[in-house]
Amino acid sequence: QQTIKIGSILSITGPASFLGEPEDKTLRMYVDKINSAGGVGGKKIELVIYDDGGDANKARTFATRLIEDDKVVAMVGGSTTGTTMAMIPVFEEAQVPLISLGGAIEIIEPVRKYVFKTPHTDKMACEKIFENLKQRNLTKIAMISGTEGFSTSMRAQCTKVAPNYGIQIITEETYGPRDSDMTAQLTKIKNTAGIQAVVNAGFGQGPAIVTRNYAQLGMTATPLYQSHGVASKSFIELAGPAAEGVRLPAAALLVGDKLPDSDPQKKVVVDYKKTYEDTTKQPVSTFGGHAYDGLFILVEAMKRANSTDPKKLRDEIEKTKGFVGTGGVVNMSPTDHLGLDLSAFRTLEIKGGDWSLLAPGT
Amino acid sequence: MTILAASNIGISFGGVKAIDGVSFAVDAGQILSIIGPNGAGKTTLFNVVSGLYETDQGRVELVGEDVTGLAPDMLAARGLSRTFQNLQIFQRMTAAENVMVGRHLRETCNLFADLFRLPSVTRQNRATREAALALLDGVGLRGSADQLAGSLPYGACKRLEIARALAAEPRVLLLDEPAAGCNAVETEEIDQLVRRVAAKGIAVVLVEHDMKLVMKISDRILVLEGGRPLTEGTPREVRDNPAVLEAYLGKHRAGEAARA
Amino acid sequence: MAEFFQFLMSGLTVGAVYALVALGFTLVYNASDVINFAQGEFVMLGGMVTVFVAAAGVPLPLAALIAVVAAVAVGLLLYWLAIEPARGASAVTLIIITIGASILLRGAAQILFDKQFHKLPSFSGDAPVNLFGAAVQPQSFWVLGGTAVIVLLLYAFLERTLLGKAVLATAANRLAARLVGINTATVMALAFGGSAAIGAIAGILITPITLTSYDVGTLLALKGFAAAMLGGMGNPLGAVAGGLLLGLLEAFGAGYISSTYKDAFAFIVILVVLFAMPRGLFGRRVVERV
Amino acid sequence: MPAWFGHRSVTLIVLAAIVVVLPLLFPSSYYFRVASLVWVSAFAAIGLNILMGQAGQVSLGHAGFFGIGAYAVAIGPAHLGLPSWGALLIGAVISAASAWLVGRPVLRLKGHYLAIATLGLGVLVALVITTESRWTGGPDGMAVAKLSLFGWRASGSSTWYWISGSVLVVGTWIALNLGETPTGRAFRALHDSEIAARVAGIDVARFKLQAFVIAAVYASLAGSMLAMMNGFINPDQAGFLHSIELVTMVVLGGLGSVVGSIVGAAVLITLPQVLTVFQEYEHVLLGLIIIVSMIFMRDGIVPTASKWLARRVRA
Amino acid sequence: MLEVSNLHSAYGRIEVLKGVSLEVRTGEVVALIGSNGAGKTTLLRALSGVQPITGGEIRFFGTRIDRLSPHRRVERGVTQSPEGRQVFGPLSVEDNLRLGAYMRRDGEIESDRERVFAMFPVLREKRHLVAGGLSGGQQQMLAIGRALMGKPKLLLLDEPSLGLSPILVDQILAAIVALKASGITVLLVEQNATAALEIADRGYVLETGRIASTGAASVLLSDPKVKAAYLGAD
């Protein structure tokens, strides 16, 4: 009996472990499920996972290892944009598909033949936030962002798309990934005249501290937007009551139970959430969901191709249409290796210590 | 010819004058001893003269040139070498290598030649090692040439320092208690060694508490007390000076010094 | 003006965090001349153990106590299993051992606990206190107060007790220390246990502000180390001065210059200070006679 | 001929032989990749060892120079239209020049104070690289053009294996050369006693600076090689943790031992690859291995092993 | 009081003490002489427990102490003024002395310190200064004073006169005689062999790790072989 080898290089430890860990758990969980249900086309999936610790150079080495030694047919992974970017040359050269779980748009723009991704781009997050701001007639904003890859990239995208929404970024501040107090930066924002809203691009514990300092400085009258980088329950827990009223763009997964039954994603996200939380006893995050999407886009493509030849897989992945994942409904094309549109994002507001789905137009 | 002349040297630490108004001069081939009670400032004087401490006052001349305040390596290049009361050997190098370092100023040292180990470097190395071995022979350490200096007994280290200082072919040599830690027989060897050095025309300044040695080999003796000069003169004059007797020699020792 | 005070208080808060970590370095350094790179992990243990024990239903003060005990146990184990067997090795070797220990402890923590961030409730609520127009978290006062208490105790211990002198003597000259009858192994164990306790207490005090996770140690250790050197290694008062100064530099740098380059600003000042005062602000002048 | 000459060339020949023979044992080009990483890291470590092991000056910011070299070959071709090899040389020159400039004041510091100052310099370099994203691509890094020489483009793991392997042999040769020369002796002398070295006529500041510049150039070249080999570079390679990793390689292998640096690099590069089978226990084991080896081989792997061998041979 | 039998010690593979046996009786001053590298320092270190031994026994008042750690030996009354002074450089003179009495819990520490100050008045003058700044001879005084602060029963002195001015050498030698009178036993290593033997009761000659000869001090002083090797032509 032959097996199908799928590779995955994730940042299970290190500064991006909050991405890699749920991704790792999700992949293992669902590959077990698939295998116990008979595998794909009668073959079992063999998952080869390496932990790059967030180190791009290590990721690059593991990429070679997956291709050369393990001879995988495809790869789901690269938890971050940084590690993904380092691995892309290897997969392009070997002509093996890579479905990245990294956030930035530069992974799929320009389109590379063998590179796909599942998470919404940072550009979309900016657009979603600005869309909401525009609806509220808030046009003068301040940005505060982390200095790691995710936040820097999102900040750049926001700056780029802001004019499209008539948004003016009046002032920008940054904080280091492990900073423990952002009151200095927030004070400057507070004392800048005319700020109508504040947008925070960041992940990790930083946004929680920003949110707390924001409340501490009594700035809550000005709306605060977080990014999809905080889309896990632990953000609400860490930020505590200070998180009340914070808005953010996020995937449907966070509010699965609150979706109307008519929503096409409802079943998928509710199932995934239940499976994940039952198995791991930890609250679900959208990050694990990206891995779920990546895995099943690949598996579906495999079924359609009825082959495990990497090149055929690639072609089929590119043809993915109407795939309902945790991140949204995916429709890929030769010019779009993500296949999500803005509707995949929901705008959430934190209310009573929980996510709530914002009614359209508010 | 006067090789080294220091005039009116003074230095203080934390407001306390460690030495004040000390002068001396030493000629080629001469042995000048500096003696005095513990803490009189002998070592400090050496430290000033060899450029380790910056002076507050005074002037140092080396072969007629004003070298006050010059860095130790510049002084070394002008012919001043010294040994240390508190051993300063290169622990992780062999005895031979210690002496080879001493020949630094006699070697051409070119980074690129060294990096690429040009033949000239190899040639020079061989010559330096020969010279080092000869010097070790002179202090009776030939047998320990390839032993790590850190594992040598105390007395051997003292002699190693002398060999290293001589390796630079100095014009003036400052010796800080070379015979400390040597028994009478070994001190006798130091005695011979210092005489040989002086005979080559090197000016020697000697700090030493072994009065037998000092009285025997010194041409002149400078006595310090409390950082100030007490007296200066020939061994006989110094030995008979009652102030020296009281401050430094003590009664019993005076007899011993007299016997020398 | 309110802005100035806000920066000031922000700087003091962050600075007190650094100061607490820097204090942890002091004891081990004073006993052995070794920078214990696992010091940050003690801080992490203090926070994480408290979080997890408290989550198991133990009242917070007791959980904190357990955390300190646990950290001390780890500190002693580190000494007995890794430092003592390498007795006599060079300081660099010992430092690499502490780096190994820090990797190990981080790895163990990620298995034993998890990789999530955690918080502890602030000791006296979250309602900000208004000080000259600056809004200050009440926890900042706990951190500042804790720093003050620890530095005074440590200073008194090192300067006023015989055991404290024995610690200094052990670092100054191990051989001589043994010859006068100091049990250097016990002194070292004490230093490691003590600095683990300081680290753990730091971790407990700062977690309500900084949050914690299995890998908070690395950066805290880095900043704490910088603070300790800025103040002058080995001097507890210097550690605190260095920590507060570093925090203030960052806050004022972020506030008045550029938040992106605030770390650069801080390190440039450290470099300039060291060029002018090669032993930090309050470092002991070493006199070595030749 | 003195004994050390034979020793030096024997080391070189053995190293060259290993570089040549190793590929025969490689089942796939993944092994070429890992081996090239070892060679590149070893090259950087050898340079750092000249500074730390011979001259006795720590640097906790050496990855900064590694980063300068890496970003030179990234930025040069991408933004300035320079050929890669030219950018590599310019990177080395910039590294040397900045080492020379900052070295004077920094190297006056001693011990842990020197450590924190170099650490600070490394942090500054990493910070600039992370922040000036217009040039460097920011925290996510940037692509690096392939090395091309006279129309031939270097790509693929095995090509880089041979390039890095040959460069390592040359680097080793130079480092071995240095030991028994006036410069090498001056380094070791000022390591043991600055005062005695100065009194022996050694311009201590100048020699410290030389060691610093040499080490910086080694690191810079290693950084350039890694960047071109990966086709990609990000600021982590210039960061604090990478500096620590380099220092660990040097000490683990053996301070002052050129071969030690190669062994130290080999251990620290291959261990994480081997330990992946232990999954989440990887870090615990890595830490444990570092601790245990330093306890039982406190002078480093190679010096301890050669002492042990010498004893066996004599017995 | 002290019996050493067949003591062996080595640095790595190099054996330095090759079966040393000696004896020191209560109230005696015993001189140990030998040339550079004979192993005198190694022997004293082994007695204090800071140099591992590879064979042999050390008995102190009849009980074996060779397995005791250094601080236990200090507790029993063996203190040492080591070769090379080894003062605590960054600590003050006063702290150095106080640490000399580290194992003591009695109330006479103050008065003992006064005794040391009386013996070496410079130390009183410099009591608040760091020991590292003292001159060589002053550090030597401090090392001896520190050893005395331990209230020893057996005092091990490794070249106590090293670097001291002639007056002080006389004083030290006189002090040793006085110590003996006050009941302290002294094992004295000295390069100044004549002076050492003049005040000692007995002496041992150590040659490359072995005891070459022993006897009453006066006998050794007039032994031609000893004279030729250690006392020099007079």
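Order of writing sets the chain letters: A, B, C, D and E. Residues in each chain are counted from 1.
Quick note on the criterion: contacts are C-beta pairs under 8 Å (C-beta built on N, C-alpha and C of every residue); 3 or more make two chains touch, one makes a residue touch a chain.
Just so we're on the same page, UniProt names per chain: C = ABC transporter permease; D = Branched-chain amino acid ABC transporter permease; E = ABC transporter ATP-binding protein.
It should be emphasised that the depicted structure is a prediction, and the values quoted were computed from it without experimental measurement.
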| item | value |
| --- | --- |
| Chains touching both subunit B and subunit E | C |
| Of all other chains, the one whose Cα centre sits farthest from subunit B | A |
| Interface with more contacting C-beta pairs, comparing B-C to C-D | C-D |
| Chain centre separation (subunit A, subunit D; CA means) in Å | 36 |
| Distance from subunit D to subunit B - Cα centre to Cα centre, in angstrom | 41 |
| Subunit C (ABC transporter permease)-subunit E separation of Cα centroids, rounded to whole Å | 42 |
| Contacts with 2+ other chains: residues of subunit E | 133-136 |
| Touching two or more other chains - residue numbers and ranges from subunit A | 13, 147 |
| Set of subunit D residues in contact with two or more other chains | 131, 195, 280, 282-283 |
| All pairs of touching chains, each written as two labels joined by a dash | A-C, A-D, B-C, B-D, B-E, C-D, C-E |
| Subunit C (ABC transporter permease) - residues contacting subunit A, complex | 3, 6-7, 9-11, 13-14, 17, 110, 114-119, 126, 128, 135, 137, 206, 209-211, 213, 215-216, 219-220, 250-252, 254-255, 259-260, 262-263 |
| Residues of subunit C (ABC transporter permease) touching subunit E in the complex | 162, 165-166, 168-169, 172-173, 175-183, 284, 286-289 |
| Residues on subunit D engaged by subunit B in the complex (per definition of touch) | 2, 5, 174, 177-178, 180-186, 188-189, 191-193, 195-204, 210, 214, 256 |
| Complex contact set, residues of subunit B against subunit C (ABC transporter permease) | 43, 47, 52, 84-86, 88 |
| Residues of subunit B touching subunit E in the complex | 13, 35-40, 43-44, 85-87, 151-156, 177, 180-188, 209, 211, 247-250, 252-253, 256-257, 259 |
